[in-house]
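What follows is a group of structures, each given as structure tokens.
Two complexes come next, and they have one chain in common, chain A, joined by chain B in the first and chain C in the second.
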Partner chain A sequence: MKPFLAVLTRDMKLATRIGGDSLTVLLFYIMTGAIMPFAIGPDKDQLAQLGPAIIWISALLSLLLALDRLFRMDHEDGSLLAMRQASLPLEMIVVAKICAHWVTTALPLIVATPVLAILLNLEIDQTLRVIFTLLVGTPALICFGAIGAAVTVSIKRGGLIAPILILPLSIPTLIFGVSAVSSGAIANAQDAALLFLAGFTLLSLVFTPFAAALALKMAAE
Partner chain B sequence: MRKNGKNPENIALNVTDLACERGGFEIFANVSFTAKPGEVILLRGPNGAGKSTCLATLYGVLPKSAGDISFENIDPEREPREYLHIVGHVPGVKTTLTVKENLSFWAQLYGGTENVLPAIEAAGLDAIQDSEASILSAGQTRRLGLARLLVANRPIWILDEPTSALDKQGDQWVGQLIADHCAEGGIVIAATHLEIPHLAPEAVKTVMIGQTAMDHAS
Partner chain C sequence: MTESKSQEPTPQDLGFFSRIAHPGYFLEWSRYFIWPLVGIAAILMAYGLYLAFFNSPADYQQGETVRIMYVHVPSAWLSQFCYAIMAAAAIGSLVWRHPLADVSAKAAAPLGATFTAIALITGALWGAPTWGTFWEWDGRMTSTLIMLFIYLGIIALWRTFEDQVRAGRIIAVITLVGAINVPIIKFSVDWWNTLHQPASVFRLDGPTMPPSILLPLFVMFFAFSFLFLLLHFISMRTEILRRRARAIERQYAQQLRTQKP
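And now, the complex of A and B:
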């Protein structure tokens, strides 16, 4: 447990220090959401209707920003190689890094969501529901992102390739994330969407450590 | 009787006819040696001979194409990697963490010592232990990378050009580290041109790498 916590706390420190991504991701999220009303226009009802989708897309795009750094820095400066000599298997190191990444990038977004919700004229209960779906769905986004980041880790300037790999994988999460909030649908459909969303997250949490660790091992060869 | 503090289980390493192929090219072949407790194996050869590749094959990051690597007396329930320290070309230092945080991380990850201060002092970095590692010079960064060897006890050290970027005192320090480790029963496998001081000549074995490559060239 101690080695796991060591990786977790180290990555959290790195993300919050200078050069870390936490604040950048958070600001990008709020800005992406905030410019939408300028493009869509000041129609309050329309904004409220599109609100959950805008929040989800903003979250998806801003999470993509930081994902490339999940393994790249450690791969390039030799840390990852040395970390592989720990008694902790590489798969668990990946889990620790994903947890730290979620806490330092996705969690601040979720906390800042009420700000966006006000800008987008969302009702309180809808805001809470968006926050809840983000809590359930963002781990899946980070997991898919981790696979993309691990696959592209050995490509110099692979920063633009990873999002192209990750975005198609994120579509189901996006669909169920938004439809778990969107009004208009039948109530049961929303709950079903939420369950699907949770299912995707659980599935991705199970497979990602193995897939990402395998990709990292192949990248080191 | 030699002290055996660094290698209580008497771990030894047998390498026979090791070879590695990358993309259809043979990088090196027929590397054989045995490393008993207290011995230094120096890999020598010209640039591009495959010294780094050979080390990477030893610590299991690259697949071997032929031959055998066997560790003696290791606990069958543990992976061989848990007996190894590796320091490669890049030192694995995080520039936004302090010197102390860098070492504490490795100590915790490897299940090593609680107190990293002796390692910091040994690396000569105690005056700047609470500074960010970004202010370190190339040589100091290398020292910090090598100080990782001291925060957790592992019997076998695999070092790839450990003295690059170091000054003369740094060279001596690394030589002394290796000598001390071997004096207590540890094994060091290094690709280096460094002379290791204070060590009996019979404890130092030199393995030439790249004979095959040279044969092809001539």
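And now, the complex of A and C:
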């Protein structure tokens, strides 16, 4: 447990100190959400209807933006090679890094969601529901992002390719995340979507560490 | 100029599977399969097209546009079969680290993307007169579109790596992750779609088909499968030769460097 916590605290410190870009990602999230009304128009009812979708899309794009720093710096300065010699298996190190990344990137977005909800004219219970689905769904997004980041870690100019790989894979998360908030057509459909979202997150948490660690090992050879 | 072939193990030392999968030996034996495959694919394709165009009835509802199906359905099938081949090759390159598996996966990706694109385009052309629209966010069409995105992402990834041997193993990881995800994506898209349009009855395949339509479909199905096999063989051979050429170039460049003082 001790090495796990060490990696976790190390990554969180790195993310919050100078050069960390948690705040930039947060600003990007708010700005992406706030820029949508300029394209859609300031009609309040329409915005309230589209609000959950806008928030989810903004979160997805912001998380994609932050993805590149998950493994790249550690790969380039050799920390990842050192970590492979640790008593902790690389899979657990990946888990620790994913946890730290979620806390420093996704959690600030979720905390700032009420600001966007006010801008988009969402009601309070809907806002709470969006926050809850983001809490459940963002780990899955980060997991897929981790696989994409691990696969592209050895490419010198790989910043643009990772989102291309990850976006198709994150479609189920988006579908279930948004329909867990707003799908009024069928009774219980929201709860069903929420359960699917939770299941999907758990599934991705199970297989991501192995896939990402495998890709990292291959990249280091 | 040293002959690089002399350092490789001779085919007699290896087991049967290692022997046929050895890249150099693969080049040898696959040579004899190319022209027979060309013949089979050409005959089947000609016969299938003849049946499809001249010897099958027009549908009583869809009219002549039903003939698009003879191209559409085989390519839609191949778009999924091709991913299965890539996933199998991915296991081969991760477990046995086999160079031929890398080559097979790399050669299959553009073929799969092409067949997926053909399926989408023919589907759109068929949909315009039949449904009155080129595109509908129908579950099947949407998941095929996502499949195309996954193929294009993998092709783009192949093109960004310099070291193709390392690329093979890394891309195998994302191919397998995609293989786990494809059923989930398909399921989620169907679920999403039925929420929005519960009365979606767009089905290409009726439950019963008369044999006059089924026969050309079968022939075209085999024609496309053999065409895929042929193209896969050819592009695997091309890829092996390209890698050899690159290795020889690198060797030559090193020789030049050591000769100079």
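Here is the rule we go by: the second predicted complex is superposed on the first by the 219 of 221 C-alpha atoms of A that agree within 3 Å, B and C clash if a C-alpha of one lies under 4 Å from a C-alpha of the other, contacts with A are read in each partner's own complex, and residues count from 1 in each chain.
The definition used in the following text is that a contact is a pair of C-beta atoms (placed from the backbone, for glycine too) under 8 Å apart; a residue touches a chain by one contact, two chains touch by 3 or more.
Everything quoted here is computed from the prediction, not taken from an experiment.
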Touched partner set for A:A82, first chain B, second chain C, both or neither: first
Contacts of A:E221 with chain B and chain C, given as first, second, both or neither: both
Which superposed partner A:A189 touches (first chain B, second chain C, both, neither): second
First (chain B), second (chain C), both or neither touched by A:L5: first
Touching partner for A:F200 - first (chain B), second (chain C), both, neither: second
Chain B versus chain C as contact partner of A:K13, first or second or both or neither: first
Common ground on chain A, meaning residues reached by chain C in one complex and by chain B in the other: 221
Residue numbers on chain A that touch chain C, as the complex places them: 147-148, 150-152, 154-155, 157-158, 161, 164-165, 167-169, 171-172, 175-176, 179, 183, 185-186, 189, 196, 200, 207, 211, 214-215, 218-219, 221
Sites on chain B touched by chain A in the complex: 59, 61-63, 78-79, 81-82, 84-94, 96-97, 101, 105-106, 108-111, 145, 148
For the chain C and chain A complex, residues of the former touching the latter: 94, 146, 149-150, 152-154, 156-157, 160-161, 166, 169-171, 173-174, 176-178, 180-181, 184-185, 187-189, 191-192, 195-196, 198
Touch list for chain A against partner chain B, complex: 2-3, 5-7, 10, 13-14, 17-20, 76-79, 81-88, 217, 220-221
